[in-house]
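Order of writing sets the labels: A, B and C. Residues in every chain begin at 1.
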Amino acid sequence: MRAAFILLVGVCVVLSSWGRCISVGKGKAFSSIRSALSASHHGDTLLVHGGVYTEGNILVDKRVLLLGIGMPVLDGAYKYEVLTIKADGVVVRGFCVRRSGMASLDDPGGIKVMDANDVVIEENRLIDNFFGIYIQYGKHCIIRNNVLEAYGKEEQQIGNGIHCWKSDSLQIIHNSIQGHRDGIYFEFVSHAIIWRNLSCRNLRYGLHFMFSNDDAYVGNIFRENGAGVAVMYSRRVSMMNNCFEQNWGDAAYGLLLKEISDSHLQGNRFIDNTSGIWMEGTSRMQILDNLFKRNGWAMQVQASCMDNAILRNNFMANTFDIGTNGSVVLNTLLMNYWQRYEGYDLDRNGFGDIPFRPLTMFSAVIERKPAAMLLFRSFLVQLLDRSEKVFPSLTPENFIDTKPSMKPWPLW
Amino acid sequence: MAPLVNIVSLNKRFGRLQVLNDVSLQMTSGASIALIGPNGCGKTTLIKTILNMVLPDSGSIFFDGLDIKGAVSYRQFIGYMPQIGRYPDNMSVGQVLDTMRSLRAESAAVDDDLYHAFGMNHLLDKRMRTLSGGTRQKVSAVIAFMFRPRMLILDEPTAGLDPLSSALLQEKIAAERRMGRLVLITSHLLSELDEMVSEVILMHDGAVAFHRSSEHLKEEAGEERLSKAITAVLRRSQA
Amino acid sequence: MIRIIRFIVIDILRNRMVLAYAVLLAILSWTVFGTEDSAGKAAITILNVVLLVVPLVSLLFATIYVYNSAEFIELLISQPVRRGHIWISLFIGLSLCLMLAFLFATGIPLLLLADAATAWVLILTGCVISVIFVALAMLAAITSRDKAKGIGVSMLIWLYLALLFDGLVLFLLFQFGDYPIEKPIVLLSAFNPLDLARILNIMQMDASAMMGYTGAIFRNAFGDGPGLVLAFAVLMLWAALPFLWSLYIFKRRDL
């Protein structure tokens, strides 16, 4: 804390060469942030000291540095959008932003960035807001090390944690989001990176991603979200080293991929989901080095998917490894490790000599008649599955891994 | 003297077969009655109705004046020795005897004449499964006589017994009769009955053909021996 | 009555078939835990055993035992003992012994090696299944005097509940698949104790699979406390109704 303060003072000293340092707080030059803002100029630094500031909406329309010292609280009293940023290069750091207006038509947020570039929002706590951090028409903004917490009960009565709309080149790094509708929401956002965030127990999606091309999300954890993660209508998305865990429910997916193409999915972990990956209308995707463990379905590949390569993944202890509703499957399965595989490796090249059929008869039946789940693991079903293995009739003939790995791949 | 067992117009039908056809009988204490007749004449069924194993379609049975329908406790006064004695395979003779004893409330001293006569005390640890048919019959006999019942029902008691044991059993039956018990015996071996029997009931096609004292029968046939008298009567009736 | 139960229990526990059954179950359980990589998978394999072997053996053994006890039952009836008590004793004795064999053979490895909740549900299921199929066996045995026929009937019961019923359900699913049949299907599971028991256990050990689709309906039906109690109540009914029916027949039957 002390070091940080010294650093802050240092920063102020450096900045003071082109801007002033204005203190806000009890017994300081200004007692309200609004009055300090109206007195400030571009390049000024506002040092806001600890305390609760209930000032309605605070509009930041100058390029200022807003520094909270001792976690000052900005309270919206459930009526106002707390902080609205409309200037480039604003930095907001070290505030607790809470109780924004709820559910009104203009989507009130804890911190809203409108039409501004190079904004940095970091090390804040955003508690009990409708939207947490809302960015529209923002470029090169950085959202880093924030903690967002909301207490939504129903999807309609709560906004998203980090909501980004029509933006570009955002960096969303190491935030923790819970209790919102969607943890992170992307619509029309390109060239962004979502890195090392934790998004859990949000009502709908941990990450909701639409019409956003050329983005990457890496090393995030999505856990126990109402419906997992949805990535839809996008191209050239890199999804790497993320964890998708414990997304259970009727329409919950570890990862829902819809109309995605030319994307890259590597090194992710899908554990304890109703459906690890549900993909429809997905094409030209590389799905590599992922771990699928203890999912109801590891992957549900709809017939509309084509030219996807599913390589070197580990499929372990899933109820069903693959499900599909189609009969013609135009994807490549190769070199995956299937725990269910019962083949042998006579030539000792590390790969089984007979191909593996990941589709069981019962998974095909379930796809058509979900209520057949009643018979799951019954003797009859086991008999049918065995016979289907010998004489395939219901499952697509060509949906096989011709080179199944004998040993699990050493993934993290 | 009121009869111990009073059977009033008993009817029983197994499917199309009328096994008991209006059977009425009185049996008094102290009598030793032979129940005879060809196979399938209804002997065993009659016995089983007295024990409530077979439930009659109509008619009643009174034991000591009480209707036995739905009754339980009257059976403590009856000793029953079935035609085939089969017991749970894995129980020892001793356990079977103990269990039988435990089913009765009264703690009066049991009659262990047959128990000793048949040398049961040497068999107590033997499993029922290992016993011969004859030995099992002995166990059945011991159980039937054990509780000094007022009535003994013996279904082919001597079948399968060796001559010595058979003689022992016959002696015991005679002794019981002398003590005023009612004894009801079915047997195919008419010669055996000579010594033991005071009355004869002949059944035919589910009905009682006759019920007479053995003296009366012998007189009627002019025969010395009961077995011959019975055959003579049977021949006469068929002729 | 307790004396008769004790007597029957001692007799059955000395029976070689019961011993063989216990040993078979024990070997199966221990090898399953030894060979499967995870306790969860082992529990699923044991569930299959419980749903196939336990009913089959319970049915066969109880049917044969009842037939072999015919003469002994007669002897008991000649004693001052209520008919009903004899039949109830037989039921309790058989159930107790088969449950004991199952507990000893499968319960111990389950408790030692499987996840506690899974183990308990599975053990409870195995016991209830044993009782249910003893009841069904007694019903099969009482309906026919012919031993071969009785055994045939119990084999048919097993075949029907273990296999044919499910086939029928599958057929119905495809016949009436266009209608909203999820709820009736859940109801249908109440008509087969094996299906009901299986769903209960899978809800416990294979949660992820039951979370999707129809799983919601199962979860709503059986997932929470009251549902679980209801399901076990239905299973109890499966034991009680056949037994009471057989008792009704036994009380009125000529021996």
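Here, a contact is a pair of C-beta atoms (placed from the backbone, for glycine too) under 8 Å apart; a residue touches a chain by one contact, two chains touch by 3 or more.
As the structure is a computational prediction, the values presented were derived from the model and not from experiment.
Trainee: Among the chains here, which has the CA centroid at the largest distance from chain B's centroid?
Mentor: A
Trainee: Which chain pair racks up the highest number of C-beta contacts?
Mentor: A-C
Trainee: Using mean Cα positions, find the chain sitting nearest the overall protein centre.
Mentor: Per-chain C-alpha centroids ranked by distance to the global centroid put C first.
Trainee: Just how far, in Å, is the C-alpha centre of chain C from the one of chain A?
Mentor: 47
Trainee: Find the geometric centre of each of chain A and chain B from their Cα atoms only, then give the gap between the two centres in Å, rounded to an integer.
Mentor: 89
Trainee: Nearest whole angstrom, what separates the Cα centre of chain B from the Cα centre of chain C?
Mentor: Once rounded, the distance between the two centres reads 42 Å.
Trainee: Give every residue of chain A touching chain C within the complex, in rising order.
Mentor: 248-250, 252, 272-275, 294-297, 317, 319-320, 339, 365-366, 368-383
Trainee: Once bound in the complex, which stretches of chain C touch chain A?
Mentor: 37-38, 40-41, 44, 47-48, 51-52, 162-163, 166-167, 169-170, 173-174, 177, 181-182, 185-186, 188-189, 194-195, 198-199, 202, 206-218
Trainee: Show me the residue ranges of chain C that touch chain B in the complex, using the header's touch definition.
Mentor: For chain C paired with chain B, touching residues are 3-4, 7-8, 10-12, 14-15, 68-72, 74-83, 252, 254-255.
Trainee: Residues of chain B touching chain C in their complex?
Mentor: 12, 14, 48, 51-55, 72-76, 78, 80, 82, 84-91, 95, 99-100, 102-104, 140, 143, 153
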